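Several structures are given next for inspection.
Both of the next two complexes hold chain A, though its partner changes from chain B to chain C.
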Partner chain A sequence: MSLDIDDILAELDRDTTVVDNISSDNFPNANNNRHKLTKDYSLSPNSSLDTTTVPQHNNSSSGKKKVISSIEDFSKLMTLWKNERCSPDLLPYPHLLMKRMLIRIQEQMEHLEILSMNFFEAQGNNSSDNRRNMSNAPVNNNKMLPLLCMEAELERVKFVIRSYLRCRLAKIDKYSIYLRQINEQYLNEEINEENDDDADDDDKENPSSLRISPLEKLLSPEEIRYHQSHFSLLLNLLNESVLKYMPDELQAVNDTEASINMIDEPDYNKFVFIKVKGPPNNLYDTDPLLKKRTHPDIYYYSITIPETKEDIDLIIGSIYIVRYSLIKNLLLDEKIELL
Partner chain B sequence: MYGDLANKLIIEAKRTEQLTQKYLDAALNSDNGGIRNDFNGNETIIPMYNDELIYNILKEVNQLKQNTEYLQHIKQEEEETKDQLKDVLSGHSNDKIRKCQYFVNLLCLERNKRCLMAYQRMRSDIIDKMVWNGLIGSNNMYNNGSKRSGYNELSHYEQEYMSQYKNLIDEMNSESELWSSIEIMGNMNPPSDIFIDIRVLKDIGEIQTEYGTFNFVKDSQFYVRQSDVERLIQQGYVQKI
Partner chain C sequence: MSLPKKLQDTFSPKELQFMVENEPIKIFPRFTTRQRINKHSDDILDLYSNRWKMITMPDTALNNMVAMQSTTVTLWIALLLKQQNKCNIIAPEWLTCKALDRAIQFEQNNTRRFSPLPWDWLILSEILFKKAPDDFHDPIHELRSRIQDLREIRQLKVAKGIKYMNESHLQLDNLSILEINELRPFISGIMDKLKEIHLAAVGPEIEGDKEENDGEEIFNGTLRNDSSRQSL
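The block that comes next holds the complex of A and B.
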């Protein structure tokens, strides 16, 4: 396969500028549309680049019976990413979503590889067949454009996940002792409960080993491993360089008895911007927290500021600035999102 | 005065933080290929570990510790002899002074500990960032040819920590499917162009990519896919133009 790399690169240059113009006009929309477009491609690996409409239903990547479209996943990912970046606290890790995203990315990467290989083969044949005839360049350009869009889109999805995970890792580093404490508290509770269980053997239906610890819910297995290893490394460093020279009673790293608490905790009182989304799928009647004000029909959540005993109505579709602690539960139920 | 040394340390830590922030920001945000350009062998990202100051603070800690022990000892002795000493008034005021002395000593101890911990934590955070930003390759990759070998500005334990942390990240990177497929060490700026112009700063040799093989000779220019050369940009081998 003889390839003139400079020719291809020159063509690529023109194409990327075109893509760029589109995307810079209106980023979120363009990105979504492209997402749809390219995911459609990914679902039909055998079809040629020219066929665009393929039903979303033949998606085999999600293990559940209910098929979750890649668009839904993507918008979920975007929401989670924004929430994670805006919240002072570490939010639960979306285990299933991330698994699906990983499969999708890998599929898309493989698919792209096949496509680009086909493309280059075709290109190589073309250019060797009609080397003198340069009129085939525009055709190649047209074929190259979707490929480039898909690649740009893949890079963007990868960036979002990367940014999301790195943001989480930064928080894990920052609150590592705090997270450890949560886990220790849980383990202690569990040991106590186990002792209780031993006392009365009737209660064997809910073995505590099956329960998920809060840390396992909050973090992915990788993050748990990272958290533990990094913490032990850090502890080692602090021990060797500072703590071991300290008097015995001051050697603990998680010193809470001293005049100042030495454990960094998330600032739950931080103010955050929120947008009220309402219950999923607009099922207003099924949400017990949701209140309704007639005339005109307005749905809202009511929260109370403890300090001033003031009620706030969070009307669906509006944007507010509130303390994080007040809306944490609504956020976890995905009824609001952070901005 | 007790606590002055620790204060110095904290001021230094603060200065370090500001200095490194500048470098790391440059490394994170620079579009033209890492920080290697404005950052030569003479300058270092992280200032020297302040061995002497730390040592002196630890000496002060020892001194304070001895003070508290002495004060406790005196107090005990006093309590034992309290029955014989019937002078309640003078005993009372003495007791108050001792308590106050003891408390001040304890607070100084605590403060020194906090300052030392903060200093160390700040440095370890910087090391973390250096690892993540790919500023630490293997030792010979980093500033090869310069007189610096290793990381002299780090203390022995910090060097150990750094290499262990780097191993941890590398290991997790290679073991976790998710981490490696999204290139978690990759660029934290939103991707704009898939293909970029680069200039090769150091001889690397042949690089295989999806789009063919490139021979990266010094001072040559290429138009390549950004994700293919991301690591090379971070390590300062090539420059984005």
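The block that comes next holds the complex of A and C.
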């Protein structure tokens, strides 16, 4: 069983204290139909999750595996959200990160459920036993506080995820035809390559079905389904309302031959605000793109504007306004972030 | 629309505040959460509901709060505690009359640079003035007027800097998130247009179209001047 994007959104909208009926088993299975991606998921979401929270809570299961803490994940999610909101382009979907995030929310909701049940039970017992508790209101409040904060935190995480997904959906709507074009190009290439493969049979070990299409990298399975249905609806509308009354040669919605390209492409040359972060994990020595100037020591990335051949030095820690196309690769490598 | 039009170009001030609220801040808690080792174990309530288990921030600090011992927590938690009268927020070092005076001095002495205030200074000071006005050592109206001064000086600088806008790039160190956010639609719009004009001017030159070169050179010249690197 796989999850619908609507399901996720509906799930997120739900009150945190309501018992949840999606068993957490569903999440690891959500992408079973996407075996192509298994390579990406080699780090199974469960194994990475066991080690999530601060060690004091689960000393038992953590230990051997590389820990990705929930705190790291959240700050990454915040960055992804900001980047997505600021970039003209659709950025790749963080399959693994999102999966971990959703499982964590699920777990936290269950945890809260147990807590609040215990809490009210205990309170009920106390007040039926004796009325002492009524006079002790402030103490009670103290005990409620962590619960309150944890619920508030959950809402905050959900807000970011919701806003992030909505931003992506807006872009999927906008570049619907363009995204489809990417995929068709890829499929065509694949067919061509398959024909080549027939020529020499040695290449059978590497069947093309194992490769990940650009669309699958870019979108989550739910988003792909959304994109497909949105596209067919849009096409239907255009056909029914206008196109079928037009001459045959004018009916194509993806006409690129005429003077104006009919496919809406992201404006890759749009100016964006960036902050240069430097290589992830501060690996200054191993980044081949990083250049160094001495006196005083300054690390910077150098990019070139193609038309004017003008070099721009992006110094670490500084804020710039530059064209998106020039920094896209740095952005994908997490060396800069958008503001 | 999946994302409202007004949110597609830039962040809303509320969203910026949301980001800022995820930053750490120092507080004096007024209550203790650190658990005593010798506790009555039959109190299940204490064991469960008095523990903090957070997923977006370290919860060790929250579980080890001792009354009147400073600790660092996330801003939104601090605000929540403050609202419940359970902590005092320690104002950051730059948010004192002395430090702000220094910053104003810096802004006045350096016409081409911004003073190195934190990226969230405007929003953070606004939040703290509103939610924790009694936690400052300096009189709050003085702090407020200094923040206002700083903001006006910096706005003036930005306005002056607009003439350096070009089709290539700009460097804007130490500009805070709110300042960037209010500039974003304007600056990126203008720079997009400048780039288009520039391309239209340079384009024919590349193709070697000499006829149009006369009118173009002036155009090109002015643009070239503009594109000399400027850091505000």
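As a convention for this text, the second predicted complex is superposed on the first by the 269 of 339 C-alpha atoms of A that agree within 3 Å, B and C clash if a C-alpha of one lies under 4 Å from a C-alpha of the other, contacts with A are read in each partner's own complex, and residues count from 1 in each chain.
Everything that follows uses one rule, which is that a residue touches a chain if its C-beta (ideal position, glycine included) is under 8 Å from a C-beta of that chain, and two chains touch if they have at least 3 such contacts.
This structure is a prediction, so every number in the text was calculated from the model and none was measured.
Colleague: Regarding the shared-chain residue A:Arg166, is it in contact with chain B (first), chain C (second), both, or neither?
Modeller: So A:Arg166 meets both chain B and chain C here.
Colleague: In the superposed arrangement, does A:Gln185 touch chain B (first), chain C (second), both or neither?
Modeller: So A:Gln185 meets neither chain B nor chain C here.
Colleague: Have a look at where A:Ala152 lands relative to chain B and chain C in the superposition and call it first, second, both or neither.
Modeller: After superposition on chain A, A:Ala152 lies in contact with both partners, chain B and chain C.
Colleague: Thinking of the overlay built on chain A, is A:Tyr245 touched by chain B (first), by chain C (second), by both, or by neither?
Modeller: It touches chain B, and chain C stays clear.
Colleague: After the superposition on A, what does A:Thr304 contact: first (chain B), second (chain C), both or neither?
Modeller: Once the two structures are laid over each other on A, A:Thr304 reaches no partner at all.
Colleague: Could you tell me if A:Arg225 is touching chain B, chain C, both of them or neither one (first, second, both, neither)?
Modeller: first
Colleague: Shared contact residues on chain A for chain B and chain C?
Modeller: Residues 105, 148, 152, 156, 159, 163, 166, 173 of chain A touch both chain B and chain C.
Colleague: Considering only the defined contacts, which chain A positions touch chain C in the complex?
Modeller: Contact set of chain A toward chain C: 52-54, 56-57, 70-71, 74, 78, 82, 85, 104-105, 108, 111, 114-115, 118-119, 122, 141-150, 152-154, 156-157, 159, 163, 166-167, 169-170, 173, 267, 269-273, 305, 307-308, 310, 312, 317-323, 339.
Colleague: Please output the residues of chain A touching chain B within their complex, sorted ascending.
Modeller: 3, 5, 8-9, 12-13, 16, 20, 98, 102, 105-106, 109, 113, 116, 120, 148, 151-152, 155-156, 158-159, 161-163, 165-166, 173, 220, 222, 225-226, 229-230, 233-234, 236-238, 240-243, 245-247, 250, 253, 255, 258-260, 262
Colleague: Any idea which chain C residues touch chain A in the complex?
Modeller: The touching residues are 1-3, 7-8, 11, 15, 18-19, 22, 31, 33, 44-46, 48-60, 62-63, 76-77, 80-81, 84, 86, 168-175, 177, 180, 184, 187-188, 191-192, 195, 198-199, 202, 206, 227.
Colleague: Using the touch rule from the top, collect the residues of chain B that touch chain A in their complex.
Modeller: So the residues of chain B touching chain A come out as 54, 58, 61, 65, 107, 109-110, 113-114, 116-117, 120-121, 124-125, 128, 132, 155, 157-158, 160-161, 164-165, 168, 172, 176-179, 181-184, 186-188, 190-195, 210-212, 214, 223, 226-227.
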